[in-house]
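Each of the two complexes below includes subunit A, the first together with subunit B, the second together with subunit C.
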Partner chain A sequence: MAKFRLDRYKPLLALGLFFAVWWIGKPLVQSFLQISFTEFQAPSWVATSHLDGLAGFWARRSHSKVELIEAGKELERENARYQIMRQRYRTLEDELSRLEAMLEMPGRREFRHEIARVIRREQSAWWGRIIVRKGRNYDIRVGAAVVFAGGVVGRVTEVHAYTSEIDLITSPDFRIAAQFEDDPRPVIYQGLPQDGFAKPHGEVRDVPQDLLASSSQPIKLVTTSLGGTFPAGLSIGTVDWLQPGSSGIFQSGAVQLDPRLLQLREVAILVPLEAGTHSHVF
Partner chain B sequence: MSEFDIHRRENPRILLLFWVSLAAALFLVLGLVWRQLIAKEAFDQIEKRQIERRILKPGPRGNIYDREGRLLVGNRPHYSAVVYLDDLRPEFRKEYSKVIKHARKEIAETHNLSSNPPKPNYANLQWDARMNVLQRYIDQINAITGRSDKVSRTKLKRHFNEQLLLPLPLALDLAPEQYARLAEKLPPPPRSPIRIHTDTARYYPYGSLAAHALGYVQSTDPDAEEIPDDGIKTFTYKKIVGKTGIERSFNDHLTGKSGMEIWRVDPLGFQDTRLQLVPPKQGDNLITSIDIDLQRAAETALGERIGAAVAIDVQTGEVLTIASHPGYDLNRLSPYIPRNTFDEINQRGAWLDRSVQLSYPPGSTFKLITAIAGLLDGVIDANSREHCTGVHRVGNRIFRCHVRNGHGVVDLSAAIEGSCNVFFYARGLQMGIDTLSEQAKRFGLDQPTGIELPFETRRLVVPTKEWKRSTIGPGWVPGDTANTSIGQGFLLVTPLQMATATASIARGETRTRPTLQALSSDTAQKIDHGGEKIGLRPEEKRILWEGMERVVGRRGTGRLVQIPDLRIAGKTGTADFRAHGEEVNLAWFIGFAPIENPKIAVAVMIQGADASQSYHGGSTAGPVAKDLFLEAIKKYPERMGFPIKSD
Partner chain C sequence: MYFDPRSLLFFGANALLLHCMLMLGSALSPWSIFPVLIGPMLIFPVLYMRHSAYFLCALCTGLWVDAALPVPFGLLTGLFLITGAITFMLRNRFRAEENDHPCLLAHILNLMVIILLAAISSGKTQHLFDFWIQTALCAVASHLLLLAIAPWFFNLQRLLLEMLHLDTKPEDLPHL
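Up next is the complex of A and B:
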């Protein structure tokens, strides 16, 4: 009987081992790198952002006392204005709640908001993404709506330990249900590939045929609460041109978004709340 | 000269081979020429048939508006979640190999000792794999929308075999919230194969108003002649056709133009490249003559009662209102009629359009025709008087008036005012059934009006001696004439017919051609209703109209219809009718206004639900007509003579 010689099978074993590493190791490494990449990089981004803040602080320190006093006065005026608006908002909110209770309407979805600093922007033709300086440490969740003073910013797609990634409203992967102001019928908004120097834009489809839009009379596209992600009434953009879609009955058109989306410094993340938690109601 | 040349010239076998080879080469060349140049078209066609597929998509239907441009029937989005099976092929393959492995394992475990284990049924396993993949996606949709849809094997097979290029619906009739949630929670294609498909379904902003007149639609397979006969395999979406009402009558006008896509497909029949796209076009819009405010007034006044109300523009014949109760909310029938909804409507008898599809005895409203016949025949004139004692003897039979003690001595105007049966028994018997029938026929009461509504009844009866002999048997007796002269007996008409007859009387003509289309002012000027002048002398017309005005006067049977400052000519009627084996009352009111320049003619009929309900023309149907007149004044004050100009 021939003696079994292991060394004859060495090349085969080596090949098998190589394939095993290739098949199993590669996805593991990829996954590890993908997860750790952001986490490893995040501290440097966060540090850069803090340094930016510090630079801003020192730049302001160099202002003269007169300028600072003027700015302080302006701030006081703004604060006073916001106090009045806040009071008016609370009164309206109370009235709304009273009417809702009277009509036995179901409660609206409530959100807590987290203001977060933008620390990185990734803009290309195919996606638009920003990274903010808050993550799991602030209980940010995937899918949460992100807004700013001009309306919708996007949606949280990934949450890391100290940072979160947000898919911008301009991204072709971003799609939400929307409605036109004063028209309850739902339509679909979706981002589009962006040109380098053009204003941010997206597209709207499933628009009923009776709606008209022109450059002299653009119509405003706002969020609807039907989808559950966004509160109703937040601005998405304006539509000044609609054309018949391929169905022959619905229209589609371009949505002009707020140009400030390209220079965001701070955003608010709306984290849905469990019932009974104190919150700002949208 | 080579050695071979000698062979070629001298060896007959070589020569034969040479010529045969030459002929074969020539044959091949000719064949190539034939196929490439001459038969190219035919081969192109074969190739086209093999690699091209057509998708036909019907265009949306046109909208229907009322005469003031308000949307009565439109199209609303109809959402569904769909997948193209082509997008799922890699998953089908993956799942198939999993399913096969699992099946083999199971067989091995069950038949581990058997020398000849059974083979798995591969065809079934393939369907199982497809079902599994689809159910996973449906579960994903269910999780987002809260529905509990399931994939159907039969539907999947049918779709695979017959509609491979069309999207397979996974969840139909999504509510707007479900549509919105899917749009937000599902990643857009190509990251997810699930697409949100938006189609159209009919939408009725006014719900049940004018339901019978507007009609509903049904989806059906397209006709064979709509598919181009060029051999390319065609997939078609269902098209929507009008089933009843205006939707049916104006189906061609409202139907959109189909759009078309031509796709190049791979050998398995899945789409590869789109070669052509022709978008569908919406059908033409239709502006109807209906005034939805008047329609609402009529239907509100009818309430829960069984009946019909029609209002017509006296001059043009445009139907302003055509209501039938009980009705149904048309939105419940769109995009399809659920079985329980069908049964519920059926149980209430609401499918029937009582304004045109059922015929009823007109009761005393017919006395106007008897009066006209009498005036034209000469048996009635300004001096005609009849003494009503409450009864009238015809042979051995006693015919009663509705006033037990009689009206006393009445002339034509008073007889119309008080709806005196005895007066009309006497004059009807005097002129005879032939004259009476002839006049009723002159007003078209024996024929459908020809309105653009389907299924207008042909069961219309203006009895004659011949008619009775041929349909019932026994000969005509004077009692039949007496009954006919007060609108009872065998007479059967529709509420629409009575409205057109009223409009004709108002215009002094015998016919009114009703239409549901809004007419342009030019067309309205040239309108020809196809009748003739009634032929009453002015004095005769005055007596008749005076009687009609007195009906709506202080002592008339239709006094509840009175409206200050509006002169209305009317006639009430109460008839007996057999419905569902029970004798029930029918309450009628017909009339027109303003008398000075008639603009609107109305006919209202209300049917008692059972024998216990005692309905009367003046008190039951009259108020409905009054509401119609009031709404007409509100909507068209100038045409109705308002505000009153003081001299």
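Up next is the complex of A and C:
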């Protein structure tokens, strides 16, 4: 009779033992391992990002002086334009504060803009996220809103010591309350899996029946302060088509997002300020 | 306990492959393509080392991958250990000295990873046709890339074993 060899089943026994330990020590073991492994590999990404910056620096060094002078002139013009905008912004802020004080309105939620460099982008049918080079060291918090020149980027989902993970607005897990420009009624924006080689898009739901959109007259979807995460009025995208939703009561439609979303290099994280502190965009 | 220094080498190579995969994914993100090149990571540890060393290497690699991707922590570690245990029990049927069998195993494991990622990611969107089209596109791109990357990766691992004067022969040779 052939001898029963227990050592043949060693891999299965080890596997069973591992799953037992994993399951019993689930909260402690998992969180410890997750934090350790994530923090351990973060420096490699930060280093890659710095190397990328260095490569960019050397690439720019190869530009001719004439090109650099032209770029400098262009920047000078932009600077002048932004200085005028800054003055205008401050005047409007003062005016707004004065009116709010007169009407005894409750204070608005203020944010600090923390500019962060994108070190990794991941966009697929399964998830959409970016990782930026700032984390707890810059007081970034989970749930903070992330924006760029074209509008909403997403929301911070994980904060590590030196990096943060941001769920993109295109991610199927991303959902926020929104509203159409000039229409205060709330609707829901939902991220969708992205098609390859197509512009980024999402979906708007719970749109009232009386709203109309067409390709000749698209309507702009903006954030609302209802959710508490995003300040009101930030651009999400445009809707040029609405159709009756599955319930028949509301409409739904595709939201065209800013194409620059998939090539972001820098974003601004909105860190909420304590009451009584004022934000400085410029 | 017997410690095999090859497990460190294989883990290092796996970390390098993951880093390259994520850099490539970052570059391809404007086209919403995320290449999955995880298949080759488990093959040499399973085919070359004894059980304790393979298990340690597969566990560390799985946790490393889990920490890098937005999946429930432990998901790919579990997959690595389950498929690793099955492959380990059958490993004397595979030739590790040549690339044919390792490449085939790498493609099978990679496909399993893609199916698992598609299955667990956002159940709300699985009914969408776009989701499956994009998943199929990612799978095709990943496996086309793997045709070139898997042999390169295995040759790199063999080269490193030789350079570091480590044992270049698998623990169990195949039955002929």
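Worth pointing out:
Operating definition for what follows: the second predicted complex is superposed on the first by the 247 of 282 C-alpha atoms of A that agree within 3 Å, B and C clash if a C-alpha of one lies under 4 Å from a C-alpha of the other, contacts with A are read in each partner's own complex, and residues count from 1 in each chain.
The rule is short, and it goes like this: a residue touches a chain if its C-beta (ideal position, glycine included) is under 8 Å from a C-beta of that chain, and two chains touch if they have at least 3 such contacts.
What you see is a predicted model; the values in this text were computed from it and never measured.
Of the two partner chains, neither subunit B nor subunit C is touched by A:Leu211. In the superposed model, A:Ala268 lies in contact with neither subunit B nor subunit C. In the superposition on chain A, contact is made by A:Gly228 with subunit B only, not with subunit C.
Of the two partner chains, subunit B and subunit C are each touched by A:Asp173. Within the superposed three-chain model, A:Thr38 lies in touch with subunit C and out of touch with subunit B [touch as defined at top]. The partner of subunit A that touches more of its residues, comparing subunit B with subunit C, is C. Put simply, subunit A uses residues 172-173 to touch subunit B in one complex and subunit C in the other.
Contact residues of subunit B toward subunit A in the complex are 57, 59-60, 74-75, 77, 176-177, 179-181, 183-185, 187-188, 191, 196, 198-200, 256, 259, 277, 279-282. Looking at the complex, you find that subunit A touches subunit B at residues 172-173, 175-177, 185-186, 188, 190, 206, 208-210, 224, 226-229, 244, 246-250. Across the interface of their complex, subunit C is touched by residues 8, 10-12, 14-15, 18-19, 22, 30, 33-34, 37-38, 40-41, 44, 48, 120-127, 129, 165, 172-173, 192-198, 262-263 of subunit A. Only residues 15, 19, 22-23, 25-26, 29-34, 51, 55, 59, 63-64, 66-68, 70, 73-74, 78, 81-82, 84-86, 88-89, 117-118, 121-122, 124-125, 128, 130-131, 133-135, 137-138 of subunit C touch subunit A when the two sit together in their complex.
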